[in-house]
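After this come two complexes, each holding chain A, first together with chain B and then together with chain C.
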Partner chain A sequence: MLIAVAVKVSSAVPPGRGPAFLDRITQNGLFVAFTAMLVSVPLFMPLAVGVVAGDTIAGEASLGTLRYLLVAPAGRVRLLLVKYAGAVAFCIVAPLTIGLVGAAIGAALFPVGPVTLLSGGVIQPAEAAVRIVLIAAYIAVSLAGLSAIGLFLSTMTVVPVGAMAATVVVSVVSEVLDQLAQLEWLHPWLFSHYWLGFGDMLRQPVLWDSFAANGLLQAGYVAVFGALAYGRFVTKDVLS
Partner chain B sequence: MSTGLAGAGPAAAGLAIETHGLSKRFGQQTAVDAVDLAVPHGAVFGFLGPNGSGKTTTIRMLLGLAAASAGTVNLLGRQMPDEFHDVLPRVGALVEGPAFYPFLSGAANLHRLDAAGRHTVPATRKARVERALERVGLEHAARKRVHAYSLGMKQRLGIANALLSPRDLLVLDEPTNGLDPQGTREVRNLVRSLAHEGTTVFVSSHLLAEVDQMCTHAAVMSAGKLVAQGPLAELRQAGSTRLRLVTPDGGAARRVLARLGLPPAPVDGESGKPSPDGETIVAALVTSVQPPAPLPEEVVAHLVQAGVRVRGFAVERESLEDRFVALTGEGFDVAQ
Partner chain C sequence: MPAAAAPVVIAVGALTGSLPASAGDPLPAKTPAQVLELVGTHQVHSFSGTLEQVSELGLPELPAAGKTSAPASAGSAAAVIELLSGRHSARIYVDGKDNARVQVVDQLAERDVVRDGNDVWFYSSKDNTAEHLTLPAKTQDSMPSRDMQGTPGVPAPDDLAQQLLSKVDPTTAVTVGPDVVVAGRSAYNLVIEPRTDATLVGKVAIAVDGQTGMPLSVQVTARGADKPAFRSGFTAFSLDTPDQSLFSFTPPPGSTVKDVPVPDKSHEPADAPHPGPMANPDQLLPQLEAKAHLSVAGTGWETVVGTAAGASGSAAASLLADPLLAQAAVPVPGGRLLSTALVNVLVTDDGRMFAGMVPPEALQAAAAAAR
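Let's turn to the complex of A and B:
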């Protein structure tokens, strides 16, 4: 929304400056959605996921409600799964909301027309809406690993802010490492490596390689940190 | 689910809570040291101890919130924490104060906590929540956010949470904390009526008067160890009894008491205190077997025969508080 209004007001972004897609907004409102999702991925989304995933267990622990959930009895594994499902639901809803609100506000402020893809093809607005949903799905998958890390960190502490901050720091470290050319061998293993790869969803035909590689990588992170969170949480003494 | 009066059910023979050598260490420190609890079915069991004596840690281990460093816990005939799925639905608990989501109403909080249990029936949830709120007198504040509740109201809501489903065992950690005198009284009545329905109630407290008034059994913790346990009457009996005599003939009375093997306490404080009817003499009534200690009525007979004018005579049992202090030590030193 902010992006759309800012562009509308300044209305003269020279082509080629600023984030990708930004210069195209004035020609086609649908690009508001793409731009919004692009700029939110490196910072806003990890921040939001860090808050949500970091709060899962630690938030209950700090309120003291964790002990009442456990004697209800919720079951520790069940509680962990439900909490993770909640975090993943957020990962799905958040980019979808950004994309759909972006598209709506873009349509309201700018003309809407056929979208020129990165590969040069042109698709109709209806098809573009499908692509927006695809990108949202890509982002949701991208954040699944970080959610698992946040869940694990959340089982380590009773201070939710600590778990949130740690999760955000982990994501920033991962993104920084991904920028260092010297560490290229490490890059395919970083959970943030494919975060910006959703451009492949804007090709004709759609390139599924990065989607698959990303999914596999995230599944690995979910397995490892899910297991760590399980190991930590089932043996944890709930003293808060 | 137990029905009928305490001790009437088929499970009455067993124990509701049984622990053996239950211990908890945090690093070097031993918080709970080889505790053997035995809580009979249908009892209202007072769990006493000064602050920091390991009461809450013990309760956490009973409920499977914390793992025991050593020892076993048997709740309602099942091993904890291995069989918590079978046990915990039958146990209502208030652990270390109430805790709720402050932005939700009291009723919404109970709905959530009830839904967290795997075995609760959603169809009856609304009715059960209303019933529980009614039982603790919160029906008028049910739609208010917990954020706006007073400490006593939160405490009541915590008790309501423990009563959401019919329970066989209630574990209440300091249930009257923050309650006004009426609230305390209501909790006492509630506990009594629950016990009457056959529920075993395990109440931790440091308020002796409270335990004295509502419990049938009690245990005393001190510095992580269980120092006494049993029916309340027995616990009191274990303490010494003493007689208190008011007479104007102090000298003669002392001689008679000494002859009977009941040396009067030295003249200090209560003993030797002058009163309008003479002086007060206090002597320990030793319950020795060899030689048999004289019965109180025999003491009076001896005194009267000796010409002592007895104007007041009473046998006093040591109060629970005296007993508690004798077991846990005097003063403000919180257990290390």
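Let's turn to the complex of A and C:
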């Protein structure tokens, strides 16, 4: 609930500084949604996802409720899956909230009109709403890999703050590595590589390549770190 | 830990899955001349595709964050350098001679060139500006649609192949290598190797579509290097006629619209806003020659183009006036050298400029000889 409030507050303030779409906001309120999502992706989203995903297992462990959960005849795999589903649900809701709240606030404060795409074409507000949902879906997919990493790290420790911090650090490190031209061979393998590729949803026609590449990459991260988390959690001695 | 096996299996699967697939149906064997003929007679008028260009010329790389600072206005030296370095991808739509659209896809930005009959639009989403150009009716007929593809600075393989093939003469060995697969299509691999050691170019490989004869990719490898310094090729290619709505362009509300006067006829109309890329001295040559202030030394691959001191004042000065290029140019005996893997440019202390696909020593020798 705290995070939902934080999400609302962050987009309620029309972002003061920001690249790309900022200059269009005064002409068209719908750009608030695009700008808010753009600004939140590199730092705020990984932070929120890191908190949620890092808290999954380690949070229960630190509260001492993990063993009670495991006493119930549910099985560790099922617990892990439910916890991950919860984190993914957050990944879906968070960008949608930012987009919709951004659009609503933009519509309240500024005039709303046809939206100019990156290709120079113009679409009606109704179609723009579809694009906002598409972008939210893209960001949700983007964050799925990070959630899996957070879940794995969360099974490693009983201190939730440690897992949260580690998840955020991993995402920041990945983003920094993505900026170094000398490591270009590594870039397609970094889970943050396609994070800002959601601009492709704003082209005419929509460019689906990055969506597909992003989905494949995130699926790989989910598979690898999901399996690692499974391996760790199933064989772990739960002491708290 | 039995579960540890799962990630290993998945990792191995991911690695093997990403390996390039081998060639599909083998194409009938052809001699280099037959492949050239296939290129010469290709009749593809409508297609769409995604073009990717990667250059590792050795020019200083700009960090991705720095690119946003400079609006990529067409024509500035920095914009050309920016397009010639690093990795770029563009979507290309062509329908017949008169309709074409090129979208240079940047992160969260896009540069468009749209040609609809006689109207040509340039649009940059970064600064939300549109430039409009009306082509005179005459040049329209004489200008093949290919010229359009070269305009935004990402030269289409089609264009490049024609220029490179015109170089084929006794100085050059042309062979056909094993078939390659480009954008999912089987293609002949035309390999061109200079017969001389005095050029920086080691090998040029052109992939020619086995079905249509359209060049699909171009790779230029520097002498002694094992990876291409410049490659440009389609990653997706379709022969379907693109949607007509792509070719109409209306400047979006709020954008700055500028009318560009039509360049005079001695220039190539479509190429005028973007001076020929340095990688193509062939293209540069007629433009410079038109000004009649240049000297040419050497032949074939060893050609060195020089400008005289008086005339070149503008060219050399503008080259070094750009802060980016001024930093990249290193001082050498007799002037400053702008060195890349494939092309060297020497600006002498007295303001002359020499360029060629040759080692720096050859440029210095040419500069000394022309004195």
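Here is the rule we go by: the second predicted complex is superposed on the first by the 222 of 240 C-alpha atoms of A that agree within 3 Å, B and C clash if a C-alpha of one lies under 4 Å from a C-alpha of the other, contacts with A are read in each partner's own complex, and residues count from 1 in each chain.
Going forward, a contact is a pair of C-beta atoms (placed from the backbone, for glycine too) under 8 Å apart; a residue touches a chain by one contact, two chains touch by 3 or more.
This structure is a prediction, so every number in the text was calculated from the model and none was measured.
In the superposed model, A:Arg203 makes contact with chain C only, not with chain B. In the superposed model, A:Thr65 makes contact with chain B only, not with chain C. In the superposition on chain A, A:Leu228 contacts chain C only, with no contact to chain B. Among chain B and chain C, the chain that touches a larger number of residues in chain A is C. When both complexes are overlaid on chain A, the residue A:Pro111 reaches neither chain B nor chain C. By the document's definition of touching, of the two partners only chain B reaches A:Arg78; chain C does not. Residue contacts after overlaying the shared chain place A:Leu38 against chain C, while chain B stays out of touching range. 235 are the residues of chain A that lie in the contact sets of both chain B and chain C, per the superposition on chain A. The residues of chain A lying in touch with chain B in their complex are 63-65, 67-75, 78-79, 235, 237-239. The part of chain B that touches chain A in the complex is made up of residues 60, 63-67, 84-85, 88-89, 91, 93, 95-102, 113-114, 116-118, 120, 161. Residues 1-4, 6-7, 10-11, 14, 50, 61, 63-65, 68, 86-87, 91, 103, 105, 107-110, 112, 114, 121, 123, 125, 128, 130, 236, 243, 246, 249-255 of chain C are the ones that touch chain A when the two sit in their complex.
Per the touch definition, chain A reaches chain C in the complex via residues 19-20, 23-24, 27, 38, 113-114, 116, 118-122, 179-181, 184, 196-197, 199-200, 203-205, 207, 209, 220, 223-224, 227-228, 230-232, 234-235.
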